[in-house]
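So that you can tell them apart, the chains are marked A, B, C and D in the order they are listed, and the count of residues begins at 1 in each.
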Amino acid sequence: MNHADLRAFARRRLPRGLFEYIDRGTEDEVALDVNRAAWDALKLLPSVLVDVSTVSIRTELFGRALAMPAIVAPTAMAGLVWLDGEVAVARAAAQMGIPFCVSTQSVTPIERIVAEAGGDIWFQLYVWKDRALSYGLVDRAQASGARVLVVTVDCPVSSNREYNERNGFGLPLRPSVRAGFDVLTHPRWLTGVLLKMLLRNGLPSFAHYPPEFRTEVTRTPASDRVDVAADLGWDDIAELRRRWRGPVVLKGIQRLEDAERAAALGLDGIVVSNHGGRVLDSSRGTADALPEIADAVGGRLTVMVDSGIRRGSDVVKALALGAKAVLVGRPVLYGAAIAGADGARRYLDILRAETERSLALAGRTSLIDLSRELVWRE
Amino acid sequence: MNHADLRAFARRRLPRGLFEYIDRGTEDEVALDVNRAAWDALKLLPSVLVDVSTVSIRTELFGRALAMPAIVAPTAMAGLVWLDGEVAVARAAAQMGIPFCVSTQSVTPIERIVAEAGGDIWFQLYVWKDRALSYGLVDRAQASGARVLVVTVDCPVSSNREYNERNGFGLPLRPSVRAGFDVLTHPRWLTGVLLKMLLRNGLPSFAHYPPEFRTEVTRTPASDRVDVAADLGWDDIAELRRRWRGPVVLKGIQRLEDAERAAALGLDGIVVSNHGGRVLDSSRGTADALPEIADAVGGRLTVMVDSGIRRGSDVVKALALGAKAVLVGRPVLYGAAIAGADGARRYLDILRAETERSLALAGRTSLIDLSRELVWRE
Amino acid sequence: MNHADLRAFARRRLPRGLFEYIDRGTEDEVALDVNRAAWDALKLLPSVLVDVSTVSIRTELFGRALAMPAIVAPTAMAGLVWLDGEVAVARAAAQMGIPFCVSTQSVTPIERIVAEAGGDIWFQLYVWKDRALSYGLVDRAQASGARVLVVTVDCPVSSNREYNERNGFGLPLRPSVRAGFDVLTHPRWLTGVLLKMLLRNGLPSFAHYPPEFRTEVTRTPASDRVDVAADLGWDDIAELRRRWRGPVVLKGIQRLEDAERAAALGLDGIVVSNHGGRVLDSSRGTADALPEIADAVGGRLTVMVDSGIRRGSDVVKALALGAKAVLVGRPVLYGAAIAGADGARRYLDILRAETERSLALAGRTSLIDLSRELVWRE
Amino acid sequence: MNHADLRAFARRRLPRGLFEYIDRGTEDEVALDVNRAAWDALKLLPSVLVDVSTVSIRTELFGRALAMPAIVAPTAMAGLVWLDGEVAVARAAAQMGIPFCVSTQSVTPIERIVAEAGGDIWFQLYVWKDRALSYGLVDRAQASGARVLVVTVDCPVSSNREYNERNGFGLPLRPSVRAGFDVLTHPRWLTGVLLKMLLRNGLPSFAHYPPEFRTEVTRTPASDRVDVAADLGWDDIAELRRRWRGPVVLKGIQRLEDAERAAALGLDGIVVSNHGGRVLDSSRGTADALPEIADAVGGRLTVMVDSGIRRGSDVVKALALGAKAVLVGRPVLYGAAIAGADGARRYLDILRAETERSLALAGRTSLIDLSRELVWRE
């Protein structure tokens, strides 16, 4: 059983529109392949005859221990792949001893996730046009107990997901004959997720929108005040830095200058990310972006990376190139789509085992041993 | 809906001979792939936290405003994909606020296009063997109101389009059983385009040939005096420069020296182009040719580029590499083949939206912000 | 008839679980392709007009003559592809005049192989957790007459063979409906190998485990004392060096530093190997690793190489890059699976003929003529 | 109609064994692809606004005019694709104004070819073990009127053509049920070629073997004295140089040193060739070998090139890289297989037209204008 098997199962389980919403990239899906190709192009140069009878992949992020150097990435509508999906995934993360990052676009409110799943909860923020409302949400996340604020900065405008449009699965979700047929032909999701949701609260809605603007996921938001702010700037970040008591991280850095600026502003971390290839299809692979960025700012803030991380060997490579941890997005959702918290944990278990094995096979016993000389590229 | 969808629709709508005439390249069609691969190999390095709430892709070319940095490329026989196709396409361009370049090989005379479509009309010239006749055509284009003269210099001899020969779709069009069957099995084109043409004026003819040599597109030109001049030289260009009151542009530059010479001659612009991969199959991708050329002469004349531009991200890349605007050929014709002016505009709308989105996602708000440092290549 | 034909025949003959156990790599099987691609990327620059009417590929390894510069690699459970498979393969090697390396995980004891096959027998050691037991095995191998001790150092922990798990073909072999069906549908293997084994000794067991821990291959070892030692270190190697009277070779070196250290320790040889792409899927091709390693330590110890060697031209390349000999794994097993010793010899015959031919076509008459200048890489 | 169409027709016409004998490469057929890839990787940088109303591809080789810079390559058993195939092909070459090179392994004697086809006849020599017999053949060729002696030096031992073996189409041809069925299912070749041959002279034989050793192509040569000499050396070449009154050319040079030595020996020419990918499958593409060789010795002797030349653009590239002419092998045979002399000429016509067109599109009017700066490679 590996990540690809989980994906194959999830594909069968979920309505096609929902599966593609999760799985695909943008435009010609070049970035999806580029991300994978960049990780695959890196080779490890293992050292032999090192005692690897005990290896540890434990680490620490912003003062808290992690059982492995991974965070569950924030994903919009994780809550749709399983009943109370966000709680399920958060629970899996807690059980595994790693952080779960709640998305602004979650269908379950952060308070419920904190209460029901526990663990190390982070909060991902899409800043809205209306800053006051946004600050309200930030305060709410802080109050709920979220520890780290992750501000996503790589999609100031919506991305071009042509297949969503075709599947009737953009945001808002638009009911259509095609979508209806899609749902009816996936009865386990229909009965196990959709009907239960409907019976309980009706159609799911975006839980973090202010109540007056909260609409079902099938409708456009009631106001453009909760649109993602296209005018987000470094000043906003400075302001968020002031408000948030705890680490602040920028997610979606692809350029050295921006990493430098984040460090200069005294932020705590960045995520080198192209949003899993979902936003700008002409992005380079994050494995290509990471080294120069980690070299430049790794000493001043915590560098994390995501986009295309699938195997333990990818984790080892990322850390050897200077990242402190990785975020994993889709594979966790595939797991959750199959079996909720157990499914999500299944993937995280595989990832942990693979990371430990890759570390041992590389002749390293702990994450501090990882450095650039382990990696070779033609 | 994207450019590839339009192409798929056009393929079903048009007789195969006509579709392939538009769609394909030459010989082994290596250049078609090379063009795309060269654009795809370029990656953008987006800047984050830039206020992109308003982005503008407006520009100005030779003293006139363009709503976006694109020109509809001159294409022979655009008039065959839709009834009065050239007028339809020109109308779309005018509605979009960008120039349309009429081809020497148009089946609609430039005067009618100017009159019925309006907008910013450019004229593309194939110089004929008989220079006097050619000058006559140039004067006629000037009189009609065409603003820019685009002299195509990359096909002094005809190119090797084996599939056209096979499809009976070289120039002249040669009626054959195969071609007849092809037409009959595409009834919408037959009744919507061909029959209407026949009822109105009989078989279409090349509208810019002098009346005494004008023949139907199914016949060889009545005289070799209207053959494309194989002996076209820099002197001819100097003469055209003298005659034309307005900007003169050379289309089909692939080599630095030629760009330098065009600049030295005081020309107004060049189009770095391999004719969409239709002429010399061993051409390098224009994305590979552009940077050195733009660096060398970009300060002295207006550099444009075409061949394989499909997405907004390609436009952003082209401008970041030093082009002032791009030309788009085939996708406009695919649109026109489906729904005339509306179809052509549909593609141009997509291109505009994508260009704006790519610009915003790159963290740039206007075209002046685009420069080499935005682009990365492995 | 070539190696690929043998593979195709073996695939039909063997139960799928067994075939895949032999044939496949690990995780995404990237290393399998990378190994081949690295050999294929090397080109030979043949010299012409050299008298190649007699070419010799004879060589000498650790004081003993070899008819060609190849050793049959140690492979676990070679004994399952044919009745008494290890004896068959060893016999083929002896007949060909090249060494056979017995695996620790052999199902036939080394004493029987030495007795029945003769020839130049090497012994491959997986050091066990319990060193005393391991030394016992080493002494036993020495006593049996094995000449060279090959210590495998590249798999301190088990590798990730997902397909084995799926096929019920990890170690231990786990009987399952699927595995049963697999066996029943391959009657020639069932009657020719399995039933005969069962009638004779019952299920095969690992012949080199100490009797008290020896279990059938379908059971987990009776004790973790015979697990491969994850804490194997350079000290262990020094100790083995002291104990073994004869050449000691490390198998599984991919990194320059480790090769240097082996040389410093006074070892006799190393095998540059990624275990045929079966252990760390992110390994670089051994053809990429070999040159720098051979340059650095080739003067001090004997460098050998394996992983992906299939054709005689690969052998010539390996030697031109500085290896003294190659090991070949899978193709010998494919041959044995089809026709026992004859089949194994069939492959070795092909390899010899190809090596001679490649040498002659390269314009070289003996292996000493091979050096770096023969090889070209883009 | 292009070279690929001719190949497709030939494939249908010829028995599979014969077609594959001509068409395929050796071992894994890597060199076939490498040859094409190397030509395709070269791009032309066309100059515009050059008067190309008359272009000439005429050239001169060893004092005799050629209508285009191409020679029909020597091919064994060309005589089997069409009745009197060698005469047909030679006739086509003569009509086109280019040389035809008769192979030592021709089934038609050179005297008949000279007499019936005329034109510029070259003779390709495989030196036999028995030098006296070989000199006899050389004298015979000289007496027949052959002008240039081409000594093939790249296959001192036979190559590894596994598919020939499989098809029963190695040399000697071995009759088999499979071969028989193959022939019966290709009736046009059976009746048009084979039966006519049988009725006339019985099975064809190698026409240049001394009468006492001449055997039908289905038998092994009667003596190993006519085996290709594996001990051919530079002394033999010096001797041939002394004997032959006229230009002497070495065919099959891939290495700079050998080219240098040929020049030092005062030879007249070399053919940079890997025998069309038929001999050493690990060869680099000849387009990669050519430039350094032409740079080094192009001033001292005539450099020619072959292997993978298909299109006129390949010819232009070869000449721009320093070759004086190219040899073309397979495509001429495809043409001949379809329609004898007419078919062969058909291909040569296409090649001429393509070469002229490519030259013109490159903005060059004659072959002397071709130099390195025309070619670009990434």
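Of note:
Heads up, the rule we're going with is that contacts are C-beta pairs under 8 Å (C-beta built on N, C-alpha and C of every residue); 3 or more make two chains touch, one makes a residue touch a chain.
Protein identities per chain, from UniProt: A, B, C, D = Alpha-hydroxy-acid oxidizing enzyme.
Worth saying up front: this structure is predicted, and the values here are computed from it rather than measured.
Chain A and chain C touch with mostly distinct residues; of the residue numbers seen at this interface, under half occur in both copies.
Centroid distances from chain C, each centroid being the mean of CA atoms, peak for B. Think of chain C turning onto chain D: fitted on CA atoms, that turn is 90 degrees, to the nearest 5.
Remark: chain A and chain C have CA centroids separated by 43 Å (rounded to whole angstrom). Centroids built from CA atoms put chain C at 61 Å from chain B. Not a single residue in chain B touches at least two other chains.
The chain pairs satisfying the stated touch condition come to A-B, A-C, B-D, C-D. Against chain D, in their complex, chain C makes its touches with residues 1-2, 40, 42-53, 311, 313, 317, 354, 357-358, 360-363, 376, 378. Residues 27-28, 30, 34, 153-160, 162, 165, 229-234, 236-237, 250, 252-255, 257-258, 279-284, 288 of chain B are the ones that touch chain D when the two sit in their complex.
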